[in-house]
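Here come two complexes built around subunit A, the first alongside subunit B, the second alongside subunit C.
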Partner chain A sequence: MRTGAMGICVMCLLLLAACQREKRDIRPSPTRLAIYGDAAKEDALRPGGPISPQPVVNNPYNGSAYDISEGQRLFNWYNCSGCHANGGGGIGPPLIKQHWTYGGEPANLFDTIVKGRPNGMPAWGGRIPEYQVWQIIAFIRSMNGEQPRSATASRQDSIETNPQNIVNRVRGKTK
Partner chain B sequence: MLDGVSRRPARHCAKYWFYFALSALILSDPMAAQIQNQADDGQWTMAAKNYASTRYSTLNQINTTNIASLKLAWTFSTGLTRGHEAAPLILNNTMYIATPYPNYLYSLDLTKPGAPMKWMYQPHPEPASQGTACCDVVNRGAAYWNGKIIYNTLDVQTVAVDANTGKEVWRTKLGDINLGESITMAPIVAKGVVLVGNSGGEFGVRGWLVGLDAETGKIKWRAYGTGPDKDVLIGSNFKPFYAKDRGTDLGMKTWPGETWKIGGASAWSWISYDPGLDLFYYGTSNPGPWNPEQRPGDNKWGSTLFARRPETGEAIWAYQISAHDLHDYDAVNENILLDLNIGGQLRKTLAHPDRDGYLYLMDRTDGEILSAQTFGYVNTSEGVDLKTGKLKLNPTKQTGYNTVRDACPAPPGAKDWQPSAFSPKTGLIYIPHNNLCYESQAVPANYIAGTPFVGMNTRMYAGPGGNRGVFSAWDPVQAKTVWSINEMFPAWSGALATAGDVVFYGTMDGWFKAVDARNGHPLWQFKVGSGVIGQPVCYKGPDGKEYVAVLAGVGGWSGGVVSGGLNAVDGTAALGFANAMADLGKYTTKGGMLYVFSLP
Partner chain C sequence: MKNNTRQIFSTFAGVLGVACLSLLISCAGHQQSAVDPAGPQSGRIDTLWWSFFWLLGAIFVIVMVLTLMTLGRRHRGFEQEPLEATHKPSEETDSRLRRIIAGATVTTVVILFVLIVASVGTGKANSELQNKKNPLTIQVTGNQWWWQLEYMNSDPTKILVTANEMHIPVGRPVQIRGISNDVIHSFWVPNLNGKRDLIPSHVTTQWMEADHPGVFRGQCAEFCGLQHAHMAIWVIAEPEDKFDAWMRAQLQPAAGPSTPELQRGRQVFMNNACVYCHEIQGTTAAGQNGPDLTHFGSRRGIAANTVPNTAGNLAGWILDPQSLKPGNHMATIALNSTDLQPLVEYLESLK
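Let's turn to the complex of A and B:
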């Protein structure tokens, strides 16, 4: 009996997770390009102490397999891969990493893509619709294991990598 | 002993011309029939040392018998941490160093102990230009002309700086970073015309080479690498040797639709000049994008050698080395101009060690290939047909949407930009090069102005033998390797040969080395602070002593793993080079520093 109840609970949880994984935004917002100045702090110094409550910006496509997959397609489509390769970097810095020059929170990444950064990152504002920016961010964070594993492709679309490399990636963390 | 190479003493000129630019000297010496024996005043006024690009110094104080006691004389920090590929210039007892972005120009006083700084010039290039440089924000050096140091900035400008005061004399904007253009090459000045080409073969630029008036910076002409003949400056005097390179408007017709407008063929590397023939020589980059499925056709004039007139830019001959390039085999490598005895005849030749792995020895008067033999491991092609001038491609290594593995050489080629040296004493060309193979798979590339236009996922790794680099001596007459030294990492520095029968080069793990020019035996080495990808030079100091100088500071395409902090977990990083260089960080750290050596 107890096992049965447990089973139902697990099923429900799985279903819930599946809901998120399968989420599709049928009519995404048009090109509204906010910049998250307040929430996208880029350093740890807080004059006068931290502000409470901390403003938080969440990626609307967190955990959505469709949007992460779209993010990967767009990452190539807009030539992000031209500079950042498949996460290891080249002309631009790597995106598979622990340290971010301008912050690695979703709001930071959003600002980085939209505003650009002075040492070579182009300003994509006015070029990429907001929902696509979020899809790209979901993909970038998936490269660092910051999306649920259940929503992330087992490997990237690029030329098949040495399986060892996949194992090396940090996975499973969610934000 | 010196088959095919004859000598002519050049020492007599030095005393009269000591303080003049070497270039001016060559022009005023009509007796300089043999270009590889150009007179040498002990200075170093252009990156390649002389117009023939021999990187050979007649100084012989440092030689095989005493080099073991070569000692560090002084050092100078550039304060920068990206790849340092430049050759320092030395003239009027002053050393000039052009740095990677932000393209500082330092002037150091060689008459004082420790060579203190005289002045520093800052051109303030647009910081965003760092996002349009495919392979680190390098600069390959400056050229001296008539009281001015002339060099290029990453954001597509050429600047002339007063060699005495460090004040800017002129600056000319030549292109637009928002079209993906940049400049990393060292200019040369021929007949008062500054020759400068753009970079951006990985950004869908339309390649060009411009001629600027050295006194005013005014653009005299611009020769595009693609497009109709009038844009490529092809006219009635254009006589390619091979039928495959003849025709009208081939720079347009060998491309689908209007893709030639974003077809690359930039001129980002070396230029040589023959004052006697009044022709300068350079090669163009790969056609863009790398993905060959998007550009059916020969893609002229990508991966092509050109001979042009400096005053008008007019093309005299061209030879497309890689038609419809499949492997990023730019034709930009150095062209060393040599007068050699080939088959009993003195020929005016040009030696071009290409990315595709062949050393092309050509008649520089008309573009005929005299020999084309491999100097590295090659399986992407099976020889060059000397009758048609065509490269015989290996059908199993044709890149595209299919996955191709174990293709050699990899995109940086059997040899990339790292310039060779030639010693007229030994008759050998000293070639720093790579031993890399790769796997690739194309993906559709979108053209978005100002962003990369590549469309190829690649991963490189060491070629046969496991060593990623080689330093070898090549006999251009016999067309074969005489000796070679395996290096762990690609030999990405320039080479320097001297009359002391010593050859210098540096390694990416930070050793600056001297070897015997005749047999390659190691003679001396010194561990510098960072991997060497710079061009060693040699000069006579105000004290009459011979000095050897080199910039250390790892980076460039090969060293981006360290200088750009890349993550080699993704082997496709740095266009696939990261995969081959994942361990570089265990051997070196970044940091630009000049090292100068002399005998005690």
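Let's turn to the complex of A and C:
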């Protein structure tokens, strides 16, 4: 009897822990409104070469379902999909992959978006507020299975199927 | 004692009836009311509504009176012996009961049938328009949380795109083509017609016609997310010549900035995130995600008519959209005070 009650209590606590997933900071913190400056060294811009080490930057929106879905919306609104399609690439390189030309860590992605890259990637710095850049990064990372499964959408707005399945296919985890 | 109960009952019923009636009568003359019709479609709905009201109200009163009568009726009481289980009503009582029950059943079925015919007839009459000459077609696109309006024309240079404020000519049928960009919304201007859902990837149509000039408020009628309650539209019915003048003015590209201050405002608009989502015809701004701002200054409200269109409200909205309409999709951008003032002045100058 007592074990049962304890079990129920533990389950309830676990349930509360899941609330984090649905947390919505709909009003971005003023510190995240800035148009971001220079985080990367210019010598990092060497396509295909070794990536110079980046400071470890934590995406403030890691694991937040709301911000990942906002990132998905902005991915289309700002026409990232125009070149990268739904992550599979087209005019631009695919975004579902293991080997990134300019690094796949959040800080690398941030620099890529804010400063642009040679051969076509425009610099979005000075245009998009910082919190939206982080939301887009959270979405891109979710396409690569780098976000908790609980926070990613079970289906995309576009015709693409479940991104996690694609990642698994790319990595050869499923048939 | 018995008299007291009866008095309380009748007073209560009277007060309730008067309250309901005054509530309904106070709706008349309002900008958002289904019982203040401004066109043939809403007129039919109004007639149907009141016939339902009087018929069902009469039935309600009759049932209540009969109930009160049974309460006040002398009953067998303690003084009399209870009826035996084997007691059988007389032939006369039996046939009377049968007649009453059969009559009530037939009356109920007939009344329900009449109501169905009236309701279906109204719906059918509203979905088809007798007067179809020279209709105006407007495509209404639901977005989280605003309305895009596209005035269709066979001449592509005369297609007008605007948002959140619909002008229609009096006495001319208007066809609403409804569609949605994200979730299901519902277009409802109660003074002109009933609701019509706007569904992604599926066009729905609705006809409406205003028979006198007026300003009517519409509201999204299908829960569509955080700011469903702040998704309003103004419909302005005006005489044909006034409508044509409005249309001509709206089809013009945006006025160029006439002072250095306005020029600065336009520059701020073009150099910030504004330009990715909003279109201003006649400039390089061609974003399609948010409302078209070509003639923003001529509109009555901002943020889908959440607040009136004044310079103060606009400045507050641009600086912190999430405080006025939490969860909306406008980007929060950091603006210098020296940039904000010219930007607001420029947008308000887009008459």
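Basically, the second predicted complex is superposed on the first by the 115 of 175 C-alpha atoms of A that agree within 3 Å, B and C clash if a C-alpha of one lies under 4 Å from a C-alpha of the other, contacts with A are read in each partner's own complex, and residues count from 1 in each chain.
Please note the rule applied: a contact is a pair of C-beta atoms (placed from the backbone, for glycine too) under 8 Å apart; a residue touches a chain by one contact, two chains touch by 3 or more.
A quick note: this is a predicted structure, and the numbers were derived from the prediction, not measured.
When the shared chain is aligned, subunit B comes close enough to touch A:91, but subunit C does not. More residues of subunit A are in touch with B than with the other of subunit B and subunit C. In the overlay built on the shared chain, the residue A:71 is in contact with neither subunit B nor subunit C. Of the two partner chains placed by superposition, only subunit B is touched by A:119; subunit C is not. When the two structures are aligned on the shared chain, A:132 is found in touch with subunit C, with no touch to subunit B.
In the superposition on chain A, A:63 makes contact with neither subunit B nor subunit C.
Residues 77-78 of subunit A contact both subunit B in one complex and subunit C in the other. Chain contact summary for the complex, subunit A toward subunit B: residues 76-79, 82-83, 85-94, 96-97, 116, 118-122, 157-162, 165, 168-169.
The residues of subunit B lying in touch with subunit A in their complex are 127-134, 202, 403, 439-441, 443, 445-446, 448, 450-454, 457-459, 560, 564-575, 578.
Of all residues in subunit C, only 226, 271-273, 276-277, 289, 320, 322-323, 326-327, 329, 331-334 touch subunit A in the complex they form. Interface of subunit A with subunit C (complex): residues 24, 26-28, 30, 33-35, 73, 77-78, 126-129, 131-132.
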